[in-house]
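Each structure below is given as structure tokens.
Common to both upcoming complexes is subunit A, partnered first by subunit B, then by subunit C.
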Partner chain A sequence: MTRNRDAILRLVGYALFCAAILVVPLFVDNGYLLNKFARYLVFGILSLALSLSWGYAGILNLGQAVGFGLGSYCMAMALKLRTIPIQTGAGGLPDFMVWNNVQALPWFWVPFHSYAFAIAAGMAVPAVVAFLIGWFVFPARVSGVYVAIITLAMLVVINLVIIDQQPYTGGFNGITDLTTLKLFGIEFDAYSDATYYLAAITLSLCLFLGLAFVNSKTGLILQAIRDDETRVWYFGYNVAAYQNFVFCLSAAIAGFAGMLYTLVMEFASPTFLAVPISLSIVIWCAVGGRASLVGAALGAIVVTGVQGSLSDTPAFLDTWMLIMGGLFIVIVLFLPNGLISLIDLALGKRRRGRAATAAASVVAIERSESSRRQSAAR
Partner chain B sequence: MAGERILELQDIAVEFSGFKAVSGLNLGIDRGELRCLIGPNGAGKTTALDVICGKVKPSAGRITLKGQDVTRLPEYKLARRGVGRKFQVPSVFRQLSVRDNLEVAYCKHLGVFGNLLGFKRGAENDGLEKLAELVGLEEVLDQPAGYLSHGQTQWLEIALLLAQDSEVILLDEPTAGMTAQETMHTAKIFNALRGRHTLLVVEHDMAFVREISDVITVMHQGRVLAEGRAAEVQKDPAVREAYLGSGGIADA
Partner chain C sequence: MSSIIPQISVGLSIASILLLIALGLAIIYGTMGVINLAHGEFVMLGAYAVWFLQTFLGIGLIAGLVLVFLLVGFVGWLVELTLIRRLYDRPLDTILATWGVGVILQQAVRLGAGAELRYVKMPDFLVNPVHVMGYEESAYRIFIFVLAVALLLATYFLIFRTEFGLRLRAVTQNRDIARCFGINAARIYSLTFAYGAGLAGVAGALVSPLKSVSPDMGTNYVVDAFMVVVVGGVQSLLGTVASSYLIGQANGVLAFLSNDTMAKAVVFLGMVVLIRLFPQGLFAMRLRRS
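On to the complex of A and B.
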């Protein structure tokens, strides 16, 4: 019964959070602020995606920004191709291609004339890249810190390729001067309510669909894999397939977040899939609570929010990084399950749990003592 | 049914960087049998179970399960063919509730996509709750497994194997750390399982072994030293010799 009560409480909590982010535009009519908040929400989605793979399945993906960046580029390519001719250069070519002496639109740019294709690609490309990495990594039983290293290395490689292929990707500058997305008669201007709502609704959907996913049997098996990967193999599950699935799912969601990010920022840049942002995602997730979807999202919003206001305040101009680092250490040390565990604490759940563990370990110690004495007597 | 060989090990050898943990091991087990595997520390009992469940691969020899060669199969395929395993060090999913542990072990569908729609967890929930009752965990179904006592963790592992419902169940020291009373309850459960499952139990507690076993296999230095009923085995001079220094077999 407590199980049902917990589930209902959780649903209520998620609903409250979604309601809170959805009403923001009713109180804020400053486009600049809304744009900033939309950015935080996009980071929330990105952090939620990492929570699926790291928090629920134990796969620490330090290259989470790969999906984010690729999604962002997919959207930017589609918008670039629709930019009015003045910015698009001769013969419908994007301006940076003209500057780089590219004669014709490269084949992989062509399908991005279609929004439907671009949006599908924004999720499919990250998922396919993740699948290929996962296909090498998971069946080989690579896990833990090695996955982290490999994903980080992939991030660096893909980042270098994008910067290096300037004629096709815009190199260091990324893809800039984009038109605004118009879909179903709605114009998603970066500073509009529409874009904010798009981010807020996406985050809400991700939260509820994510909740359904982690409560499915597949979600349960992933959590079992997180706890004891080898044991799960002995029940007959193909652990590698489960790991790769959540790895791809997480990448696809990150890709969607990346597309939104292009709308919010009005450009795509190689910094979107660089090491700093990728590591930031891990910090957001850890601060908010990696084993909670809403916790991870909240972590991103709180950290980037505090970061934004600190770095905007002249008094903290030089010290905000230090303050953030200190906060991070305090939270990770004292709240290993993140800020979200404050709610559990408030509901008095953990304390009961602690007492039970303590009692259990006393019993276990006594037992192992006595069995050792027995075997010594043998 | 009776007398049908379900599991057969032929001339199995296992080496750990040159050290022969098991060599020339021959073992045959009939369907529905409850076989106990005993032997002094380091005899290779755990390694023998590891080979059967696919955790380590033998450097020589052949394993047949239900007449098919399974020597080279990975562990999850062996599990799918009906081999379940309890490890010497209790391994349960500590962050998951007892109920969820059982749910994971209840693995009728194994695919990622099939299980995506498995929201209606435990249409067989009843069955899982009965299992929890059988091993006395019904009160703690919703507690994380990490909070269980050592004895309860052992019970949970046994329940996991029952939920998995494997034909062949390998248990490594299932009563370690249990009180005498708990051990006897375990013996009762094992006796009830006899016939429905084939069990291979590694155990040091001779009282427990006498309680449950038909046939005992004694291992020593990586091979089978003796095989027979408890009384016969205990009289065997070679067995007594092997156990010298570890206090004798009677109460080993």
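On to the complex of A and C.
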């Protein structure tokens, strides 16, 4: 019974959160503020994506920004190709290519004339890159810190290549001067309600679909892998395949967030897939609560929100980093499950240890296994 | 053929800087399992300490090295005492906590010393290049190389030839049993952390004349240093040396063949492959899975 009550409470919590972010434009009539809030929401989606792989499957991905950046570039490429001719070189060639003496549009730019392709690519490219990394890493049963280091190294590699290939990617400057996206008759201007709603609806969808996913059988197996990888191998599951799946899923969501980020920021830049932002994602996730989707999203929104307002306040202009660092250490020390665990504490629930959750998910799997075996026997 | 020797010396120079920075990290990570993301900030603190000593107290780089070691070591000791100590049961969380430390140190320096670039003078007698076997060589780079080797030997001696090292190795192998034998593990850990931090400080002091000193200079070093440590194999000094050399040379040669950016990209890609093939590092010693 209490399990049921918990689940209902959680759903109510998620619904309240989504309602809260969806009504914001009714009260805020300021394009600049809405743009800022939309940015925070995009970071929320990004953090949620990491929570799927880190909080639920134990894969600490320090290169989460790879998917984010690639998605952002896919969207920027499509928008760049549609930028009005004044800002574009001869024959519809993007301006930075003209400056770099590129004669014709490179082949991998051509399909981006289609929005449908670009949006598909914005999720598919990160997923494919993640799949290749995962395919290389997980079957060797490399785990923990090594996954963190490898993903971090891959982030650096991809970042360096994008900066180096200036004629095709815009190098340090990234891809700037973009037109606004028009889809289904809606114009997604960076400062409009439409863009905010797009981010808010995406985040809401991700929250509910994510909740369904982590409570599915696959989700339970992933949690069991997080808690005791070896044991899940012994049950006969292909742990590597599950890990790679959630790794790709997380990258695809990050890619979508990246596309939204391009709409919100109106450019794409190699800083979107640089080390600082990638580490920030981990921080947001940890502050909010890595093993809670809404917690991770809230963490990103709260941290970037506080960052934004503190750095805008003259009194804190110089000290906000100090405050953030200190706050962060306090949370790591005293609230290892993030701010979201404050709710549990407030509700007076006993803190369930990791062992308990591990046991729960393994038992759940064993139960479903035995019932499968029984029905097969019948 | 004539271009090979200068090429090797460029690689050696990169390698000795890498080794200097990675050495402290290897000790902290190898013995304590703490992933110290603030390591780059310890390097930065060392560089600023030298700048401060030089500008305000007129103490030169070489004379100041011991002071820098003690100063940054003390900061490390404080960090261990207040923070790391509470996280030994949650090694992955040390990534997060030390990142917070890094942010605070960076901002504190920015507030204290200003955000602008600072420059540290080389010791006068090392400014002019010297001639070695008919090749012109920067005296300062030779000095760094010699010091890197010296610090390596000192560390080796400390770990394998002293009472402290014996205790440290015991705690690394099995903390609980070591404590049963009356070893004060907490004290060993804080001293080790302080030593690693001190080494980072010295590394920062030594690279400061080659590169401009800024509050965020540490970020660039910490990733590289981690690669060196992981590729070489945790808990293996020899591995750290070999992988610094390997990575330094690869960096030098590839930068010669293409450009710095692509060289770094290719080296990192190579490291990923190495970590995948040898997850325990190239020179794995005894393994203890926690």
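Definition applied: the second predicted complex is superposed on the first by the 350 of 378 C-alpha atoms of A that agree within 3 Å, B and C clash if a C-alpha of one lies under 4 Å from a C-alpha of the other, contacts with A are read in each partner's own complex, and residues count from 1 in each chain.
As a working rule, a residue touches a chain if its C-beta (ideal position, glycine included) is under 8 Å from a C-beta of that chain, and two chains touch if they have at least 3 such contacts.
All of these numbers come straight from a predicted model, not from anything done at the bench.
J.: In the superposed arrangement, which partner chain does A:P336 touch: subunit B (first), subunit C (second), both, or neither?
T.: A:P336 contacts subunit C only, not subunit B.
J.: Once chain A of both complexes is superposed, is A:G326 in touch with subunit B (first), subunit C (second), both, or neither?
T.: second
J.: For A:Y237, is the partner it touches subunit B (first), subunit C (second), both, or none of the two (neither)?
T.: first
J.: For A:F131 in the superposed arrangement: first (subunit B), second (subunit C), both or neither?
T.: After superposition on chain A, A:F131 lies in contact with neither partner.
J.: Output check: A:A224 vs subunit B and subunit C. Expected answer is one of first, second, both, neither. What do you get?
T.: The answer is first: A:A224 touches subunit B but not subunit C.
J.: Subunit A residues touched by both subunit B and subunit C?
T.: Common interface on subunit A, subunit B vs subunit C: nothing in common.
J.: Using the touch rule from the top, collect the residues of subunit A that touch subunit B in their complex.
T.: Its residues touching subunit B are 2-3, 212-213, 215-218, 220-221, 223-224, 226-228, 230-239, 241-242, 245, 353, 356-357, 359-360, 363-364, 367-368, 371, 375, 377-378.
J.: So in the complex, the part of subunit A that touches subunit C is made up of which residues?
T.: Spelled out, the residues of subunit A in touch with subunit C are 60, 136-137, 140-142, 144-146, 148-150, 152-154, 156-157, 160-161, 163-164, 275-276, 279, 282-283, 286, 318-319, 321-322, 324-326, 328-329, 332-333, 336.
J.: If we count contacts the way the header does, which residues on subunit B are in touch with subunit A in the complex?
T.: Touch residues, subunit B against subunit A: 53, 74-77, 79-80, 84-85, 87, 91-97, 99-101, 103-105, 107, 109-113, 115-119, 121, 142-144, 146-152, 164, 176-179, 204, 246-247, 251-252.
J.: Subunit A touches which residues of subunit C in the complex?
T.: Where subunit C meets subunit A, its residues are 35, 37, 83, 86-87, 90, 92-93, 95-97, 99-104, 106-108, 110-111, 219, 223, 226-227, 230, 259, 261-262, 264-265, 268-269, 271-272, 275-277, 279.
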